[in-house]
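I've put the structures underneath this note.
Same chain, two partners: chain A is paired with chain B first, then with chain C.
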Partner chain A sequence: MNFYAISLPILIVLHLIEGVALVWLLVLRYKLGREDNAPLRDAMSRLYRYAVDGVLPAPPRTTRRRWLMAEALFSLTRHLSLLSVDERRQLGHRCSLIYHLLKDAEHSDGVAQSEALQLLSVIPLDDKSVERLARTVPAEPMGQLYRMLILIVYSPDRVTEIIDSDGLHLSGYLVPRLVARLEECRVVLPVRSLLATGALLPSLVALRVVARYELGDYWEEVFEALQSPHREVRMAAIKTLAVLGVTIDRRVVEATAAMSVAERREVLRIFLREGYSAMALQPLSDAEASIGSPLAEYAVCRTLSRKRTLVKTL
Partner chain B sequence: MRKILLSFSSLTAIESLSLVLRPIGASLSVAQSSESMIEALLRDEYSLLITSHIAPFIGGGDLVGRLCRRSVPRPSIFVISHLRHEPTLLALYESGVDQFISFPLSPHRLLRKVVEELQSRP
Partner chain C sequence: MLVTILCTFLAFVLYEAVVLVRCVVGLIRVSHALRRARIILRDGGSSDNDDRHTFGVSVVVVGALSSSALESRLAIDYTYFELIWVADLKEVGGAEAILERYDMSAVDFSPSEGLPLQGVRRVFRSRARRYRRLVIVDCASGSLADCANCAAEVANYDLLVITENRVILSPSSLTLLVDALLRRSDGGWVMGLAANRLAGSELMLAERVLLLAGGGARNERIGGRIVVPIYLFRRDDVIGTGGFAGSGDAVAGLARRCAVRSRDGLLPLYVGEVQSADVTARLHINPLSGMPIVPVIFSQLALLWLFTIIVSAPFEGYFVADVLLVSMLWVVCVLRSTLSTIGAVMLASAEECGSRVRRVAWRIIFSPFFRIRDIMLPKNFVK
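The block that comes next holds the complex of A and B.
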């Protein structure tokens, strides 16, 4: 009697717990099985309706929904010229996107901080928000890139100062990305003043712009960049000169003389890749021959090898 | 009903273009990789292909040539990309791409181009 009186309630409670756990598992399975993109698609659809019909979306109540709306705004802005600056500013304030993304950028680090800054980069900021952002120093290069982008878009006339002042060291992959994003934001980059600073990042950005648009007017400035104390700038200047198709003269030879063998080989490869013939590379080959370097025959060998490959293909 | 194939690796790009193209009333199919795009193009008959994948056109695969050799009319091909590299764009046009549009694009402009392209087809 005592045994049943004690064990029955325990059994009932255990069965109840089991039942609740089963229901919870079923709900979880339904949520996981559901299409992941549905909420993002819904947010994009609401923003599109706002742009087309002027129906302002309701402010998101949860962090997740706010984040989705920021992602939707970022995606739509990157793909479609749909929402004007004023509309994006209004959305940013009404849905508290600016406040919360700035808070995320200030209090998180690493990838989360970079993502918050990336999403923030399509929302026009006011003076106070820019001041708050200027005080944030992201650790991740990607976060630094987006912070710089936001500051430049806020005051495009200070572009040289902003790129120069941060003292950043962006990798070879991030410089083209910064230039491409600035181009998407319709920011005009002053190439001459960027190169005149002589600093690492401004010079790399300016050389990237010259190479990207093959701006032949700036070849004198690019030649001057060969004297830069930064190795990356010198290599970027050589790449840019190769893209511009300039004749190899004394200045290029002198700039390459101080480089290591691997770097000199890279220089020859760059010029060959841009279609320079062995004859056009003769000044570099002569300089290699004068120091008895095995690279003296490099250009001739590569050109012959390419010709053989072409003959075989044809 | 006209069939349009949207082929982008980014889901948000697909969703953005679906929102723009919805008023046309065409049947929209989606491919998320260049392989599935080629497979769908060779399997079904589409009026228009809108894609960001450029490798199938300039990678030596001669995709447009393969589509032309079929008995059905080849789809019009629009490439939409963030690329602005001039030699690549020229190579795309030489390989048979009909239009190149760069992101971010104007929804009205895209809609007009798509409608004109669909109306000009027999």
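The block that comes next holds the complex of A and C.
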């Protein structure tokens, strides 16, 4: 058999597949990099006219324009708060945004699902849509965050139950974002009931709220969180106590006694960053000295390396 | 002879197939990473304004800087960061003026982390509140490892970004890097790359972007361009592994040691470009890991050799087939190169792709023609 007849078609097919893949990249890059896109600006201006003059925009005819409208709605809601809840609901139904975004969230996965949920998070949903969303469990942490946000905003009285749901493993680093989004949606978080669950995510959310608003009324609950079986909760409680400016007493020393050297160093750095002086950290330093730890002089060394006027930042 | 040609051709096809699969897989990962970046940036990043309990980053810059370069680095658009500039101030022109301008004063420096410190003379912090983010370390040692250890010693925050003086982080780059690192609950590190586009061939850069060598990145000079790695570490990892060591490749060496703690070796790479030494770098995401340079050279040489064999082999009665096949091979290779270049330049350059792509595409299309013309001498086509 001819040598070329066997090998050349294979080579050509491989190159053509690569070419198709790269052309797809061009299209994708164009779609995703369209910050200065005229259709996006057009969608923004239509929504702005709707907010100011009450002129409801016509339903988008293509998938791409519908997606752009959802993006524009997200941006205007997050950054300008131009549209009221009823206006967004009306827009979501008229332009079929809810239907299509929910469909994308149900039938896609990964980052695409997360993006659909993100855009859906600013549109008020009805009961049926929420039921469908409740059956969708994203694998991506960002998707879980937005799903949780939507469910909480829909039924704020069930916030503890939703945050404590089984099967949700929201990463600790997304907790600040969740709290910030809930704050934007004006959801009041029951700190005591969240801390009372003892679970990881509710405790982190509650401690985040206490630290963010420096709620001194909850310092006893925060001290109790020091005994949590979860390391992340214990460290979050330490950070919260540092923010509240509590005096370091035997409870803090006992909580840090079971930690590793790296964790105890982190505890000292947390307090130092919040402006504690070496004298205020003396109980911890004494505990370190009693076990012959190399961290006995850590607070003194770090304090000497800084100017006094730079100790505390607001 | 035919067996040799067949083996060479099969090796070439196999290599191309592997490259193609890696490119396709890489493109899928790129699209996911770009989409994730859009989600993060649309949402405002992982830090909120006026909230000091987010993830602070200590940005370390090693090497000489001018006053304007330092000023531009203080304008990073991340909420909580500090800038640690490590340099030998005796070698820096205008160091006294810089210290005076930012109202810097020397503070007592007491090592407390157990890191190996070499050549630290003084540490400066600013008396002015508006420059509280700036820390200057006067380090006599020219080694990158020593400078990075000094910075890790004085760093206030828990995340460290190690950069060189040629690179400025672009808007949102810290946000993306921090998000990528924090998504890894098992430790590890992430690496970004900034590539200088001032001189050299865009083709080489484009091909390198697509076929980037994974792991242990180092300074590479490719076609006149320099690919500079940027690393984001957890400070605890740096201290836990005993700090940076060695010379030259110190940061990459520590990155390799830290990588032992991560479950998988696949790290998101952020590729950026530095248009000049003092211009903001843009970060994109390119998770491709590439091929060593030897197979690339081998495949190109093999292709060249195949051309030579094809046009010089005395295949009776196959003259027309020879010409057609060679032409098809040439068209396919040019098409592949053109599309690779276009795609890679698009990936590497967001705003300037229009005119550059046209110039590069013409260069790609016509330069092989002239090279192959030299090989395909007219007399070979005379029967």
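Just so we're on the same page, the second predicted complex is superposed on the first by the 266 of 314 C-alpha atoms of A that agree within 3 Å, B and C clash if a C-alpha of one lies under 4 Å from a C-alpha of the other, contacts with A are read in each partner's own complex, and residues count from 1 in each chain.
Everything below uses one rule, namely that contacts are C-beta pairs under 8 Å (C-beta built on N, C-alpha and C of every residue); 3 or more make two chains touch, one makes a residue touch a chain.
Predicted, not measured: the structure shown is a model, and the values here were computed from it.
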Contacts of A:Ser75 with chain B and chain C, given as first, second, both or neither: both
Which partner chains sit in contact with A:Ala134 here, chain B, chain C, both or neither? Use first/second/both/neither. neither
Which of chain B and chain C A:Gln118 touches, first, second, both or neither: second
Could you look at A:Arg273 and tell me whether it touches chain B, chain C, both or neither (first, second, both, neither)? second
On the A-aligned overlay, A:Ala289 touches which partner chain: chain B = first, chain C = second, or both, or neither? neither
Once chain A of both complexes is superposed, is A:Cys301 in touch with chain B (first), chain C (second), both, or neither? second
Partner, of chain C and chain B, that touches more residues belonging to chain A: C
Who does A:Ala180 touch here: chain B (first), chain C (second), both, or neither? both
In the overlay, answer first, second, both or neither for which of chain B and chain C A:Lys239 touches. second
Chain B and chain C footprints on chain A, overlapping residues: 71, 75, 78, 180, 212
Quick one: in the complex, what on chain A touches chain C? 3-4, 7-8, 10-12, 14-19, 21-26, 28-29, 32-33, 71, 74-75, 78, 110-112, 114-115, 118, 141-142, 171, 173-174, 176-177, 180, 208, 211-212, 239, 243, 262, 265-266, 269, 273, 294, 297-298, 300-302, 304-307, 309-310, 313
If you look only at chain C, which of its residues touch chain A in the complex? 2, 5-6, 9-10, 12-13, 16-17, 19-20, 23-24, 27, 30-32, 34-36, 38-40, 42-44, 46-48, 51-55, 105, 107-112, 114, 123, 125, 127, 129, 132, 154, 156, 158, 179, 182-183, 185, 236, 239-240, 321, 325, 328-329, 332-333, 335-336, 339-340, 342-343, 346-347, 350
Residues on chain A engaged by chain B in the complex (per definition of touch): 37, 40-41, 44-45, 48, 71-72, 75-82, 180, 183-184, 212
Note which residues of chain B are touching chain A in the complex, please. 10-13, 15-17, 19-20, 82, 84, 103-107
